[in-house]
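Letters A, B, C, D, E and F mark the chains as written, and numbering starts fresh at 1 in each.
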Amino acid sequence: MRVSGRAASEMRAVTLETGVNKHAEGSCLARFGDTHVLCTATVEEKVPFWMRNSGQGWITAEYGMLPRSTGTRTDREAAKGRQSGRTQEIQRLIGRSMRAVTDLARMGEMQVRIDCDVLQADGGTRTAAITGAYVALHQAFQKVAGLGLLAAVPLTDTVAAVSCGIVGGEVVLDMDYAEDSTAETDANFVITGNGGLVEIQATAEKTPFEEALFLALLGAARDGVGRLAALQRQVLGLEA
Amino acid sequence: MRVSGRAASEMRAVTLETGVNKHAEGSCLARFGDTHVLCTATVEEKVPFWMRNSGQGWITAEYGMLPRSTGTRTDREAAKGRQSGRTQEIQRLIGRSMRAVTDLARMGEMQVRIDCDVLQADGGTRTAAITGAYVALHQAFQKVAGLGLLAAVPLTDTVAAVSCGIVGGEVVLDMDYAEDSTAETDANFVITGNGGLVEIQATAEKTPFEEALFLALLGAARDGVGRLAALQRQVLGLEA
Amino acid sequence: MRVSGRAASEMRAVTLETGVNKHAEGSCLARFGDTHVLCTATVEEKVPFWMRNSGQGWITAEYGMLPRSTGTRTDREAAKGRQSGRTQEIQRLIGRSMRAVTDLARMGEMQVRIDCDVLQADGGTRTAAITGAYVALHQAFQKVAGLGLLAAVPLTDTVAAVSCGIVGGEVVLDMDYAEDSTAETDANFVITGNGGLVEIQATAEKTPFEEALFLALLGAARDGVGRLAALQRQVLGLEA
Amino acid sequence: MRVSGRAASEMRAVTLETGVNKHAEGSCLARFGDTHVLCTATVEEKVPFWMRNSGQGWITAEYGMLPRSTGTRTDREAAKGRQSGRTQEIQRLIGRSMRAVTDLARMGEMQVRIDCDVLQADGGTRTAAITGAYVALHQAFQKVAGLGLLAAVPLTDTVAAVSCGIVGGEVVLDMDYAEDSTAETDANFVITGNGGLVEIQATAEKTPFEEALFLALLGAARDGVGRLAALQRQVLGLEA
Amino acid sequence: MRVSGRAASEMRAVTLETGVNKHAEGSCLARFGDTHVLCTATVEEKVPFWMRNSGQGWITAEYGMLPRSTGTRTDREAAKGRQSGRTQEIQRLIGRSMRAVTDLARMGEMQVRIDCDVLQADGGTRTAAITGAYVALHQAFQKVAGLGLLAAVPLTDTVAAVSCGIVGGEVVLDMDYAEDSTAETDANFVITGNGGLVEIQATAEKTPFEEALFLALLGAARDGVGRLAALQRQVLGLEA
Amino acid sequence: MRVSGRAASEMRAVTLETGVNKHAEGSCLARFGDTHVLCTATVEEKVPFWMRNSGQGWITAEYGMLPRSTGTRTDREAAKGRQSGRTQEIQRLIGRSMRAVTDLARMGEMQVRIDCDVLQADGGTRTAAITGAYVALHQAFQKVAGLGLLAAVPLTDTVAAVSCGIVGGEVVLDMDYAEDSTAETDANFVITGNGGLVEIQATAEKTPFEEALFLALLGAARDGVGRLAALQRQVLGLEA
């Protein structure tokens, strides 16, 4: 039994609330338990200069944490004048994950900017961000398609993410902060609705891990992402 | 009649939701119509080095806007590596406003950091921030007092803020973004519950204004702040 | 009687010396007692990119203090790599004040950059800066008009600024540093030659202030600005 | 057959040259074909402030590329004033990899700083960096132990890294730049001499990948790291 | 005959005005023709951390140009967020020049900060800065000695600087901007009152120069510095 | 006899190794004893915007030190976010030195970027950098000429640099770090193959120096540069 009372393969309560920003072309407040991430998708007519005249679109992402989203206050990156390595790592991961399920050629020369801002953190902010970002992205494409600027939503699949780890020798799914900070191994999996692997990041926090254990983590993640994908389809009104 | 359908002296629907952050000592989501500002108060044991051994406390504030809080996306200040002049102006104003109703000597050597982050903007973000920040600050002091670290909440009054402006020659209260961007004169008033003036900022956006008009703005603001103060007392459970 | 020996409504000796920079289109060394601010106006053919093809001009301002303009040396902002919030607040105020008396449409697509650099500080640097900046700006417009690039000086009025405060319960005009740092309330007023209000900034430094006191500050400021406007007209050779 | 003429499971010529810096406590020039990374290990008496009095040591890493290490010149990060997200991601990975095989408690309060600077790049700079960094780190610990400041080298295993990818549908080991930039999937594996997994990073560059393919990548990586570990032991004079 | 009408060995009108800043321990406005540099010396009790407990003092310098000191406006370094290479080169030169005539051991653990700010530029700003900085430094030491904090002024000689160049094949002394920007060779000499060489910087702007020409430049500079040294002694009231 | 065992006029072993970077148009690893500087020349089609349509080319240089090139580790400038004054001074010197022997008009509108990165430092890094940079530059021009993009190598002479100093009252050539840090006077000379002077920088580190001593330094430098020029011609296959 985990400290939270959850079973090893039990995720936290997850909600994906859409329409949470009146300006953005797409938006989603992703809640994984006490981790709350506000995701917006902004459509821009201009692609980065190195893509001009390529006929292709681009998706990029930025990530941030509100200073008191964390248990003790984290310095505001805007005030410090630089984004941390962790922030940059996460926002690059979000962008890659979105591009992996997008047919950039079908987007035309348009850019979508994803913003994921953590309002409250309790572990797993990057996985909640990816899961919510997909919903915001899908809505933004729907809106643009509805305006006749795209023939169809240029997404090839859904994509979601979940963390798994080894805590006290046991594989656990969707770690909260308390688990995350004591885990022997910490892994994040980004997986499509059809089960395609998009990104695997597994890190030995203390001692190297065995392949069998890694495969157990992957199996648990597949279960979790399956449930997230179903929820994404539901809030987006997509057929299963 | 204003574009929004409001009467000249009518404020937008205002709500002050507390307990919106599980980590912070105090928190408040201030909504002035479509302007939503998340305010947290963080208590720290350490004051800035220039106050050490003064026996006094300090309150400071930071302000930020989520990139897509605005109608068109605003660049993320953390990514640009610097806070704009507007951001710094607003966060200095929030800090001064909080200190004006705090008895710093009664705080002891402790610091409260206020963070005001705009989730969605539709004009008047600084006034919503000040109004919400006060609620978060009061809660933080209550929490610290409850722990026996302070004899009492060291606040001398409530404080709230509202914008007024001259739009189409008429004095209007609590401008939304559409009004704000066309106003001839734009003013922000920070006023205590007892009617004491804390900060006045009035700016001729196009042509200089007359003293009589300024006094009309001040009168409208007093009305608005009176209603905000009542709401603050209500959500904080203070007697009127 | 004030520490300086001045009466409550007495300003410091003010001089506005023009022609102090051989390169600038307009220049003025504004001295308010021991506060000395060097103001230059630079005319540029290019407006900021967001104004291109608007047919309008723009005026912007920058402000700085020499490191030893202050009683104890202040760190050089260029060496620190960022301008303080105070600096940005002041330079935005100077820019707004100049634009409030300029008919931007009559300027054509041209930009004037005002630079206000404090050579020596003794309180009231922003009000001296605004007062001197107007003189430099007027001269720059005269020069450009003299070259036939403008039909006339596109200024609608003069503009000047003065500080007032409540020190020891009494309203005093044009505070020096010693007064400024002990004032209960500190206010800056930017007012045109015709008495139009351009900007009001009043701040309770310790305790909230009453409306009557504020009106007394405004009255004192009107007196002071009247004298400054007369001096501006005199050094510019304008008829009264 | 690969463009380079190598077989799918064939690594480039790898050399690990030690003693390449007369100042550093440990140094290694790691060459993976045309990828050359200069690694140094610097021992410092002081740990970061957040580790003081913990009785533990710390290892941190920095990574950089010389501007013309790349086919077209890359802007110098020192001149741009910020390190890219990619740079930060890589240096965090190097640091974690070194710490995963170090018994920090046995280090005592001492810090080792690893610097990995890419002199010439042709794909796989991060894996060459990790492989060379381990050699430099081991030497530095040997030197410190030789001085009697450590009872023994506090390393629990060797660690090395290699990239694998799917190019043209085929699993290839140790990609060069031409392969890397066309790979469908790109993965980096950090593995200990005993086969323990330290870090797995696998990314779908174009389309999601299947689990079977991932396992093939892992298998290829294990082969490669086995050869690298043997080379590390050889240059360090360790028994197999 | 030079464009300015000066003879080849004729300097511009030079004045060294002291007492130009009421706060600084020493100050001097150095005017070399239309080049005006305001120099202040600030005495601080604290030396840089790497000199603590050395029993020695330190002198450091900073340099800046007001944006419109130049013919066309130069961007403000504080706004750009970094000092140019030229600025850093000059301020390092000023600091070295002052230290070369100071007995740091006799200073005790005290630091003097020199600030040289160019109010108006017409060539030779660094040489005017050095010449004025010496005067400000001397006054600061006199003031500190007068307070009994130093036994005597710890200066071993005066120091001043002048530029020389080859313009149109001819050696000219103390170049103005027009000459400086067309010179074939540009040299700056920092020389003590007794003729000791402190710093020589000679640069071929277009084609390499011959040793004989260099010696002619040095000879001209000796003449110029002799006159500057006499002026320094005069304004400081030192016997010749 | 010097600590290193060298005679006063004896240089360290100098080698100039070319072809050390497979990407760069020209490259040279310059070794002056234990000082090793990797120099590359990158040819770009675009000149800086202020040179467009001038018909002329441009050469610019950047300089950096690997963190552990020094005896104790130096902070990485990319991590600190700014280049030191020393770095900027040196890279400006390298650029000027290259331009002094280049006929920019014959280059056409093309830019060469020189990068000099210190792999290991033991004094004299800037002189090794200049000496190696010339070789890399020459090779880059040869390559471009070989492609038919230039009629001929647009260099008018070779250029090299050496340091001299006064150590223990004696003139010594090509100082290593131990000498450099104790020298009474430190000078760097940049001289062409034909003996033309390009740059002289001489600094009194402790006490002013006499002209005769300076001329002795210059004489020693001429000897040293003569030997370096011969070596440059040899590695470039130029006739003497």
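Methods note: contacts are C-beta pairs under 8 Å (C-beta built on N, C-alpha and C of every residue); 3 or more make two chains touch, one makes a residue touch a chain.
Please read these numbers as outputs of a predicted model, since none were measured by experiment.
S.K.: Starting from the defined contact criterion, work out which chains touch chain C and chain D both, please.
M.R.: none
S.K.: Taking CA centroids for every chain, report which one is farthest away from chain A.
M.R.: Greatest centre separation from chain A goes to chain E.
S.K.: What is the chain whose Cα centre is as far as it gets from that of chain B?
M.R.: Relative to chain B, the chain whose C-alpha centre sits farthest away is F.
S.K.: Between chain B and chain E, what is the gap in Å from one C-alpha centre to the other?
M.R.: Their C-alpha centroids are separated by 50 Å.
S.K.: Where the CA atoms of chain D average out and where those of chain F average out, how many Å apart are those spots?
M.R.: 33
S.K.: Name the residues of chain C that each touch 2 or more other chains.
M.R.: As it turns out, chain C has residues touching two or more other chains at 81-82.
S.K.: Once you've mapped the touching chain pairs, tell me: line, ring, star, complete or other?
M.R.: ring
S.K.: Beginning the circuit at chain E and going via chain F, which chains come one after another?
M.R.: Listed around the ring from chain E, going to chain F first: E, F, D, A, B, C.
S.K.: In their shared complex, at which residues does chain C touch chain B?
M.R.: Residue list for chain C touching chain B: 82, 84-86, 88-89, 91-92, 96, 100-101, 156-157, 187, 191-192, 194, 196-204, 206-211, 214, 218.
S.K.: Show me the residue ranges of chain F that touch chain D in the complex, using the header's touch definition.
M.R.: 21-24, 27, 34, 38, 40, 42, 44, 62, 64, 66-73, 76-79, 81-83, 87, 113, 115, 117, 119-120, 122
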